[in-house]
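What follows is a single structure, written as structure tokens, with notes after it.
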Amino acid sequence: MRVGVLTGGGDCPGLNAVIRAVTLALVQHDPRVEVLGVERGFLGLVEGHLRPVLPEQVRDLLDEGGTLLGTHNRANPFDYQGRDASAEALSVARRAGLDCLVAIGGDGTLTLAARFAELGLPVVGVPKTIDNDIAGNERSFGFDSAVAVVADALNRLKTTAASHHRIMVVETMGRDAGWIALEGGLAGGADAIVIPEQPFALEALARRLEACVARQGHGLVCVAEGAGLGDGAQLWQQLPDGVSRLGGIGNALVHALAGRWPDVEVRATVLGHLQRGGAPTAFDRVLATRFGVAAAQAVVDGQFGITVALQGDRCVHVPLSAVAGQNRRVPAGHELLRCAQALGALPE
Amino acid sequence: MRVGVLTGGGDCPGLNAVIRAVTLALVQHDPRVEVLGVERGFLGLVEGHLRPVLPEQVRDLLDEGGTLLGTHNRANPFDYQGRDASAEALSVARRAGLDCLVAIGGDGTLTLAARFAELGLPVVGVPKTIDNDIAGNERSFGFDSAVAVVADALNRLKTTAASHHRIMVVETMGRDAGWIALEGGLAGGADAIVIPEQPFALEALARRLEACVARQGHGLVCVAEGAGLGDGAQLWQQLPDGVSRLGGIGNALVHALAGRWPDVEVRATVLGHLQRGGAPTAFDRVLATRFGVAAAQAVVDGQFGITVALQGDRCVHVPLSAVAGQNRRVPAGHELLRCAQALGALPE
Amino acid sequence: MRVGVLTGGGDCPGLNAVIRAVTLALVQHDPRVEVLGVERGFLGLVEGHLRPVLPEQVRDLLDEGGTLLGTHNRANPFDYQGRDASAEALSVARRAGLDCLVAIGGDGTLTLAARFAELGLPVVGVPKTIDNDIAGNERSFGFDSAVAVVADALNRLKTTAASHHRIMVVETMGRDAGWIALEGGLAGGADAIVIPEQPFALEALARRLEACVARQGHGLVCVAEGAGLGDGAQLWQQLPDGVSRLGGIGNALVHALAGRWPDVEVRATVLGHLQRGGAPTAFDRVLATRFGVAAAQAVVDGQFGITVALQGDRCVHVPLSAVAGQNRRVPAGHELLRCAQALGALPE
Amino acid sequence: MRVGVLTGGGDCPGLNAVIRAVTLALVQHDPRVEVLGVERGFLGLVEGHLRPVLPEQVRDLLDEGGTLLGTHNRANPFDYQGRDASAEALSVARRAGLDCLVAIGGDGTLTLAARFAELGLPVVGVPKTIDNDIAGNERSFGFDSAVAVVADALNRLKTTAASHHRIMVVETMGRDAGWIALEGGLAGGADAIVIPEQPFALEALARRLEACVARQGHGLVCVAEGAGLGDGAQLWQQLPDGVSRLGGIGNALVHALAGRWPDVEVRATVLGHLQRGGAPTAFDRVLATRFGVAAAQAVVDGQFGITVALQGDRCVHVPLSAVAGQNRRVPAGHELLRCAQALGALPE
């Protein structure tokens, strides 16, 4: 048997751990299985860049960040240099003798995987998202690592906030879904958490910070990059004139809040790519390994057209078609929201 | 309302985070609520050591290891200096004006909590266990931190194993339940994982390591302290004469394996208390916070005689009587076991 | 004896460790010594905000970031709300019964300390600078922590650079002195290091990255915020029209480099305050402790008008007047520069 | 030019970083230089195990623990399987075309290097020691990493000590030299530090802990493994009958101190190999890189028979003969000793 593996979309801690687990589990199952790595996501399938992945190459990759196969953000065989190259991709797969493909990636990659599955390619998906926002999957590898980076940053900035009597704003990833800011904010003890799923209310945030300044002389805000972008009654209407949204929500909040409290400066830190690279946490190494083993098992069992997923801390199979094009956001009343609310960290 | 809080049993990362969340959530709910800390577990209830816990004392405790209330391993009001002092404990609670008690602790503490609940004290339990072995609760705070310590240790020792061509054995906590060794071993890339729930087979372990030595020149073993203790056909019968069990399973394995491969030394590291102290991981800070908020909510709702617990990543209530005296071990066929097996890391 | 302690200037890992060491060493020397904390740097001396610092308050502060005394960036008694309030400050010191003052701070704070020393206040300085740029002092606490943050960020971003075939630019602190970028870049394996002390040459940097892209498909740049600001023949003249310096050097490099290599994106991360807050590394805890003990010893010995400093890994005394208003930059031909050069990481 | 590189003695964080820097600097200097790795220290020179080391193999090794060349603790060509095999080693070097050899190792390896230098092999040494005890060298790579592990362990154990009212004893490496325990103890806030260079006084230690228990209810001891081994009037004479030295000084202290304070248990943790493996700190990555570049420069300059070394934070050359067989211990009155003394952490 010959099994292709590719990683698509943005970098994410744990990708190498999945590749490792898929490879080791397949070879442990049957030493004759050959694993072929497809380079740079679906781009490599179109352009025919495949190479063998051997157990000894992956054995020590458990805690290596990144993906040894490379990845690509916008590789789309159905729209490759302006044309549909999906037939070429299928032909590459056929000529390489691939019996099936394990596609590790986010919504984009899994959507492409679903389309190839419809075209007859046996595909197993593995959900990958820093943002923890893939439908049908309750926790994705890489998310815990991102939350740990946010919590560590909040911890660091808190000492400066307290020492200088400042408001420190931390902008996290999360354009549509606020999971990172919500869980990271809880883990880092943010005084206020602002996420896209909640209506943005500048004055409520200011009131919350007013209380913090009065009580402890400083405040810590954790805001998702997509907060306030949602609808008409949102942040950008509430900002003072002249504050551009180009600088991002973190810097916008600095402008909107600056000067409200005498002698209390407001500063922003944008974490950006720090949340996306580097070694996975122990939790993510285990989860990525579970996903990889589950994907290998699906291959062995001939279960295709599905993605592995975590539900209720159990690895399950979900049809690719049920995942593609979906998005998992923080639902109203979710326990973590109520948790933040109970601690007074949800400005309302 | 006056709410008592105590922490019992061994130290565990996240205890302070629970105390913080309970306190902040109660005071956020109603600023008139008074929280009284009971010192050193149920010992403080017998001896009357209580003191107010104020929000400003706990606000910055999210990532502080340990418990500001102190704890005690064997405090038992029903067997206090050789007599039953439970009536005194109830009297202390009454005189202190406690409307209820939040008891944060392991099986021992929750069993005591259950007995006091039967005696009429309104109690809410919060499960605490490094070992992740409390019945009815799928994941406890502190466990992720312990796993991270084990994974970090395995990572460190792997470089020495590889550089020197050695077998390195890491002994983790886990007298009855192998969760730490199992998840820590997976997170740290152990070549062999040995837990109490599996029958111990020295020769199978040696075969597994034989393959590792042949392939990569070294091996990494993660063994729970309670492995091989279980029944008659266990480790200690399989060891060479003269190997005492007093030195622990890690050192016993060194003796049992030493000399099997020329020029490949075997060394053991006993992690011990390193797994139990220190700051919680981001994951554990969130989980401890969720438990603390859920306990505060139970208090507010008048839900007593229960413990909060995690099931399917949701905070639920479980009757204390269903938890007390139970023990959650790794069941045969558990996904993590199959995962270790699929990677060839389960000697059989 | 009554000893005042203050911390001035920006937050820095290790401030609390110095306060702890000063206090514990003084009280260990003579339990009758009283330590008085002056709040928010020299501001507290003008405004009369002092409070006792007790051993039990500081004993556990060794690894706490920030300063329990608070600090202030621009507190200047000689220019307080538009007037000279130095006499008030001296009068506060006198009324509080201060026999002397330990002033922990950067160039600004030490310059003020030197002026107060001239006015007759017995002062001992302790150099504090993230940037490692205080004259007469070869290594300052907080610097190692900042370097560790930079190295960790580079490690994280390297996985993304490699996985995506990108150029990742990391902007560090260092307006005038490039120590953080230089040492952080070496510690994080940057392909190119750009510091203020070197003439900025955009084309040399582009050539260096060209080689990296050709060889490995990606590149990692570590640039100090002050790079290219120096003189007429600098960065901003070399940038394409329309690139504003307001976004900082990191983002300016993105604009200047973007599009040079097909399919190789360029992204910047600005570390900012992350380098300045949080817990000190073990190295910085030791160094801060050494400085604190040395300052306490100077107080005991009646050595005033000096600052403690590190020279050749030994704690020495340097006259405050020799330090004030000076600045220690990376000298041409410094070993670390030659080191970066030898590895090809210095674009020239 | 063809340059051999070998690593000898125990594992140490930073070995790979030195190999990387030597290789990259040599090839950067002249792309025609060939680097040959000798496997497993001087053993590989006798047995003829050499292989090319290419820049692309080492570029990403900066933060990898261990040594890709392997190492060996007791490889001695002058006593190889009972005979002098030095001539064979020289012959291997000649046949491999080695122009010179960079030997990275501790006292044993550098002593062998000195002997080969006398026999005409052009050798450059690089000092490697976790213990920081190589003569002529003030700070070695790996030491900061070991200190960080000790400090982290002390931090973790302190929470348990405080929560349970216990004495926690941490045993560090350091058979002859106490640098790790001394600096680690200072970095981790140990209440008492015990090193081989100081006369061991059990009663003084007990008095120190008595004060800690009285004041804070717990205590933290950092003891080097070699403490109390020195001379006739040492620990083992002071211990109660029946306490064996086989269990190590940490466990011996548990026996010697147990029961002295009612309700205060004493527990020991032996860090062992945890201090020796794993990724180097940022500080050690820079220092290892400096050493590697300096060694490459010595090769280029034809400076042989020397070892690079750090003195006063400058990389210098020291004759191999001046280093071999020496040992750098903590001298009486050293600043760090006075520092520990000033904080009351040196039992006397």
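Going in written order, the chains are labelled A, B, C and D, and every chain counts its residues from 1.
One rule holds for everything that comes next: a contact is a pair of C-beta atoms (placed from the backbone, for glycine too) under 8 Å apart; a residue touches a chain by one contact, two chains touch by 3 or more.
The model shown is predicted, which means the values in this text are computed figures rather than measured ones.
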Legend entry - Chain pair equivalent in interface to B-D, over half of contacts matched, among A-C, C-D or A-B: A-C
Inset, instruction - Would you kindly tell me how far, in whole Å, the mean C-alpha position of chain D lies from that of chain C? - result: 30
Legend entry - Centre-of-Cα separation between chain C and chain A, whole angstrom: 34
Legend entry - Distance between the centres, which are taken as Cα means, of chain C and chain B, whole angstrom: 41
Inset, instruction - Enumerate the residues of chain D that touch no fewer than two other chains. - result: 152, 155, 158
Inset, instruction - State which pairs of chains touch, listing all of them. - result: A-B, A-C, B-D, C-D
Legend entry - Interfacial residue positions of chain C with respect to chain D in the complex: 21, 24-25, 28-29, 56, 59-60, 62-63, 138-139, 144, 147-148, 150-152, 155, 158, 183-184, 186-189, 215-216, 281-283, 285-286, 289-290, 293, 296-297, 311-315, 335-336, 338-339, 342-344
Legend entry - Parts of chain A lying in touch with chain C, wherever the complex brings them together: 7, 10-11, 13, 15, 40, 64-67, 70-73, 149, 152-153, 155-160, 162-165, 168, 267, 269-270, 272-274, 276-279
